[in-house]
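Each of the next two complexes has subunit A plus one other chain: subunit B in the first, subunit C in the second.
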Partner chain A sequence: MFEARLSQGSVLKKVLEAVKELVTDANFDCSETGISLQAMDNSHVALVSVLLKADGFDPYTCDRNIPLGVNLGSLNKILKCAGNEDTITLKVDDTGDTLNLLFESQNNDRFGEYELKLMDIDQEHLGIPETEYDAIVVLSSGEFQRICRDLSGISESVSISVTKEGVRFQAKGEVGTGNITLRPSSSVDKGSESVSIKLTSPVDLTFSLKYLSNFTKAAPLSDKVTLCMATNTPLLVEYNMEECALVRYYLAPKIEDEE
Partner chain B sequence: MPPKQGKLDTFFGKKGDIQSNGQPVTAPVRRKRRIIESSEDENDTENVRVKNKRVKLEKKKAVEEESKAPQVEKVSKNDSAEDLPTNSEDVDTEEITKKEESTIKAVAVLLASNNVSASVDIDWKAGESVLYAALVNAYEKIEATSKRLEIQEIMTTFFLRILEKSPSNLLEVIYLCINRICPEFEGLELGIGEASLMKAIAMSTGRKVQAIRKEYSETGDLGLVAKASKKAQSTLFTPKPMTVSSVFKAFRKIALTSGADSIERKIQSIAALMSSCRSGEEAKYLIRSLEGKLRIGLAEATVLVSLAQAIVMNDSEYKTMSKNDKTAKLAEAPSVIKAVYSELPSYDIIVPVLLKHGVDGLREHCKLTPGIPCKPMLAHPTKSITEVLDRVEGHKFTCEYKYDGERGQIHLLEDGTIKIFSRNLEDNSQKFPDIVKNVTRFIKEGTKSFVLDCEVVAWDKEKKSILPFQVLTTRKRKDVKHEDIKVTVCVFGFDILYYNGEPLLQKSLEARRDILFSVFNEIEGEFAFVCYKNLNNVEDIQTFLDESVKGSCEGLMIKILDGTESSYEPSKRSRNWLKLKKDYLSGVGDSLDLVVIGAYYGRGKRTGVYGGFLLACYDPDTEQYQTITKTSTGLSDQNLEDFYKHFNGQVIDGPKRYYNFDEKTKPDVWFEPSVVWEVLAADLSISPVYKAAVGTCDLSKGISLRFPRFIRIREDKKPEDATTSDMVAEMYQRQFNHNES
Partner chain C sequence: MHGWIFIKEYGKENSNESLLSIRLPHPRTGQAVRYILQDQTLLEIRKLDCESQRSWFIGSTVQSDGSLFCLTPIDPLFVLIPILDTCRRKTSDSNGLFIPLEDILDGEQYPSLPKLSVLNNIEKYVGWVCDCQVMNSGKVVFRLNDEKVMAWLKLKISHILSNFDSFNSLKQLIQHMNNDSIDDRLQKEIRLKATIEIVMEYLPLLWRERLMAVYNFDALGRLEVSNTQIADNPADYYARKTMRKEVLPPKGPPTKKQKLSTGQAVLAKANIKGMKKLTTFFAKK
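On to the complex of A and B.
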């Protein structure tokens, strides 16, 4: 028996937006701590990991671990039927064949009930190593989205280099080049627009913009995005919605030609 | 070079993933170790810079070691070795055979003297499927050399390892090496389009299709683009190693994909395969195979020879033989397999027999079988009657009309099935339902099975005469319904290869001809025996040749009639059969002077120059250049280079408005009209895509050349002095008049 009630239904909608571009089918693993999802794209280049914390739900009951195999496209179709202000309740009975979704409007005057057939998805679980990152950059998620969109027009990849002075996004393409530098801001009052950099040693890595642009679909979840980098290590892009959701993307770097 | 996409695979570990050292990975703490480990594992994607340097050191070492042990190679020396000689049709086949034989012998001597190097190749566990990486390793070594002898040794050694460890993979490995997925006559091919492959590469490496297309136009080799793209993107996890079985099965699945969204589904499967590659090299050969061109200079003949020798060497008795016996055995085996293969061109049947009975048992278990087309015997061209007589002197011989039609091989199976195969072993039963229907009428009673070699010729029912080849080509190729047939055909039988359960290949032509006459009945307009005479002097042959030409034939076939030399030699262009064509005789065969107006980029060994040229004739009435043909034969390497230089200065943005062409023949680049070439062709025919003399011989179609061949540059002619459309039309008409006169 599994039941979880989410007063802010829009969170679930946003999480799905953040995942569905990268993977088509995935397991939502329900356990005591919450609902988690981990999936890698077909090319083994990117991975997304989502955690919906149990604390974010009220109430949250899960007496045993159950995987909910879902086609994300189908789930998205159903979630579109929920209003942004709706409360969403997820329920799975002991047979575990279907996921019941209940959408309640704010005024308690409209109830939508939906059922989604679950499937068996044979999924490998991947061990993600703890990493000590050389550079951790926190910036506005809207800014990051804009950078990725702007540079996509210029090249298929972007190099991100972080030094004490700031973080620089650089794209070189057929038509020319594009460079965006963000300096860390000292003033706290700038709020969500500020950029902070924690650096143990400078890094310079190149990534595919196609994937990065995909990741920025998670921007509505959080004002801030954290980029964690270390040389020869996948990039970690994290959107953290403190109270209830955490979305992490991993992206394998591109390898520069040495010649 | 833009940076390339990495994969996550190589960074993270799967829970429960067994590593090469047999230890399950206990993520997450062991990340650092993994990277160090992977840097020592040469199979892994080269994704770490530190590691790249190490690999380079290894490369250097490998080069140093090479002088001591030439067969030991870790890394291919030259990735862009595209210039390997492939089979050129221009070379005399006889010569090839001779060269081949000497090579076979040389290798045989080498192998017999136990001089096989113990190479440090990628290995796999005995009894398990051969790793694709091991095959790729062999491909790389082959591509790095152009010496046939070396290639043969590499292949033989590789086959030998397969026989020892995983014989059940042998068939799949052979198919992958010759880049096919089934026997030729089953007609299933890979040949995936460039656009689809580019999409799949983009999908699996996080790149843009446009960027890939651009790299492709620079390198001319999608394999190299795939390799570069693959190497540039690291992955999070190392995928399971691919095996030859998994790759071959995926290839078959892709080729068999059909129906709605089949292209999209094919692309998905290819992208999945690309993602399973562990190295850029795997990706390179994978994409080339899917494209249908492996281009490493590995001819099917070489594969056959190596297969034969590996089978011999794997025999338990081999080790106890004397050196001379070994050499003899090794030299003989390839010819046995080749002969059997040309009779029964199906590895599906031959390979299991080889594994079970060895080379010695092959002939007994694999024989010509109705239902499986055998490669037809071909004739050697001759230029004069005296040349013919020089060859056949002292033999009993016969002359037959050489009909201008399509070679056909009609099979009747025991169960009553009738099949017709083309010269290239394609199943043409769909194309000629009328013949299939007629067969039962022109065989005599008691005929249970046969294989007939014949010429299918277009037939004018009213005039009761032969029609030219051009008429035959207007027949539909697929899904022909009996009631829709406008061009009727007549079968001219000239040889029988199999009759009522017995192969006849070894019998003399005279004996086969007797059987042929006893099995078939002539029916006007449906079946006839070829017109023949047994002659022996120049005058009679000349008269007979003239008669044949008057009878709308191409010329004569001269064949040895009895003795061992008159047996049927499948797939051979034999000197026991000679063809004497009217065009070959001096004085006939007009050449045309044509203008070069465009070119197609070269691929493979012609990368970097233009591989083919679009030619046009001139129509002074409309002041148009009308496309007539595309040619790529007759051009030497020097020509290609010179023309590339010359025409580079003539490139224009788009076609001139006075160029008359069809979109289907649109070249990669257009030129100013500047040069006139003299071109020789076998024939002229009506074409739906070429525009020469359009509207004169056919209401909407133009005329094109068959088998055009570059002869020389006409320095003395300006583009406006080229052959005119009227002259082309006249030449086309003359072919018919000639036949009627």
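On to the complex of A and C.
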């Protein structure tokens, strides 16, 4: 038996909006600690890992680990039927072939009940090791989204270089070049607009802008986004909603000289 | 009980002699291959296997192995030439040793080799490709003679060539090259090359090179290499056949094409050159 009640239903809606742009089908693995999902895009150069913590639900019951194989597009269609303020309850009975979704309005005067057929998905699961990153940049998720959007018009790829002075996003295309430099701000009062950089050694890596833009679909989840980089290591883009959800994207860097 | 299903040419005299399976080195590859001895004749085995998709009904039982073994006579000289070649121990300054047949067919490496001595007229056949000497004791000793081998091979090839059109399988080999637009000279060379390729399936590459040097392939040489390779190499012919088989539409309903979300459609166009798969960074669990 699995049952989870989420008072902030919008969180699940936002997570789905983000993940469905990268992956078609995936398993939601339900366990004691929460609901997790790991999946790669079709080209296997990007990976998304989602954790919905058990603490974020009330109540949360999961007596055994069960994978819920879903078509994310279908699940998203059902979740669209839920209002932003609705409470969402997820339920799977012991047969485990359908996922029941219950949407309750805030005033307890409207109930929506939906059923989603589950499927068997055979997916590889990658073990992601703890990594010591050379540079960790925290910036506003809106700012990161804007940078990716702006530079997408100029080039397919962006080089991100991080030094003590700041982080620079650089795109070189046929029409010209674009450079955006963000300096770390010390002022506390700027709040979510501030940029912080933790650096052990400077890095300069190149990534596909189409993929980065795809990741920014998760921006509504959090005001902040964390970019973790190290040479020859996939970039980690993390959106963290402290209390309940964590969405992490990994993207392989572009290595130019390997032709 | 497990059996094999053979098909074999019906002999002139109906023989009751049982088949004797022996292992001998394949003349071209040197790998141990099974042959059959019956009625003092050496038979080659070809296994026809339909990827285990067939079974045999035998009486009231079913044998799951549905392969069919074809037995066809093979000239024992093909098997013997590489062995004779090793036996004579030819060096740059000596033509090698004369050796009696029973020593040539000694079974040290291949225990079945001595059994070949029962073959019909084996001494006569060996004499075709060897220099022979009669010892005082009356014993005959042999030494392989390269010129005799070449003469024997040329005879074989001209024999096949003269009957080329009576073999459908041979005609098929050169079918797509067989049209009026190709002049006679080229036509002949194509047939010759196809024939050599078939005969040379049975001897070490060295002999193929020697043989090719003897014949003249001027007209063929002028053709594009890629064309001729398709035309004259039986191996290629079979490869093409299998390829054709593979492009047949798969059985069963076609897999439903996954609908991509907007984001995925954009990513499908992304240039991922220089990006390694994540599986190269993270190990599979």
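Operating definition for what follows: the second predicted complex is superposed on the first by the 257 of 259 C-alpha atoms of A that agree within 3 Å, B and C clash if a C-alpha of one lies under 4 Å from a C-alpha of the other, contacts with A are read in each partner's own complex, and residues count from 1 in each chain.
Criterion: a residue touches a chain if its C-beta (ideal position, glycine included) is under 8 Å from a C-beta of that chain, and two chains touch if they have at least 3 such contacts.
Small disclaimer: the values here were computed from a predicted structure and weren't measured.
Clashing of subunit B with subunit C is the outcome of superposition onto subunit A. Once the two complexes are laid over each other on the shared chain, residue contacts for A:V203 go to neither subunit B nor subunit C.
After overlaying the two complexes on the shared chain, residue contacts for A:L68 are found with neither subunit B nor subunit C.
Of the two partner chains placed around the shared chain by superposition, subunit B and subunit C are both touched by A:I255.
Applying the stated contact rule after C-alpha superposition, one finds that A:P234 touches each of subunit B and subunit C. Of the two partner chains placed by the overlay, only subunit C lies in contact with A:K217; subunit B stays clear of it.
In the superposed model, A:K20 lies in contact with subunit C only, and not with subunit B.
Between subunit C and subunit B, the overlap after aligning on chain A sits in one stretch of 9-17, 99-107, 153-161 or 189-197, namely 189-197.
Comparing the two interfaces of subunit A, the one with subunit B and the one with subunit C have residues 40, 42-47, 124-129, 156-157, 206, 208, 210-211, 233-234, 250, 252-256, 258 in common. Residue ranges of subunit A in contact with subunit B, taken from their complex: 40, 42-47, 124-131, 155-157, 159, 172, 174, 206, 208, 210-211, 232-234, 250-259.
Contact residues of subunit A toward subunit C in the complex are 20-25, 40-47, 72-73, 124-129, 156-157, 206, 208, 210-211, 213-214, 217, 233-234, 250, 252-256, 258.
On subunit C, the positions that touch subunit A within their shared complex are 258-264, 266-285. Of all the residues in subunit B, the ones that touch subunit A in their complex are 1-15, 25-31, 34-35, 46-50, 52, 203-208, 211, 214, 231-237, 239, 271-272, 274-275.
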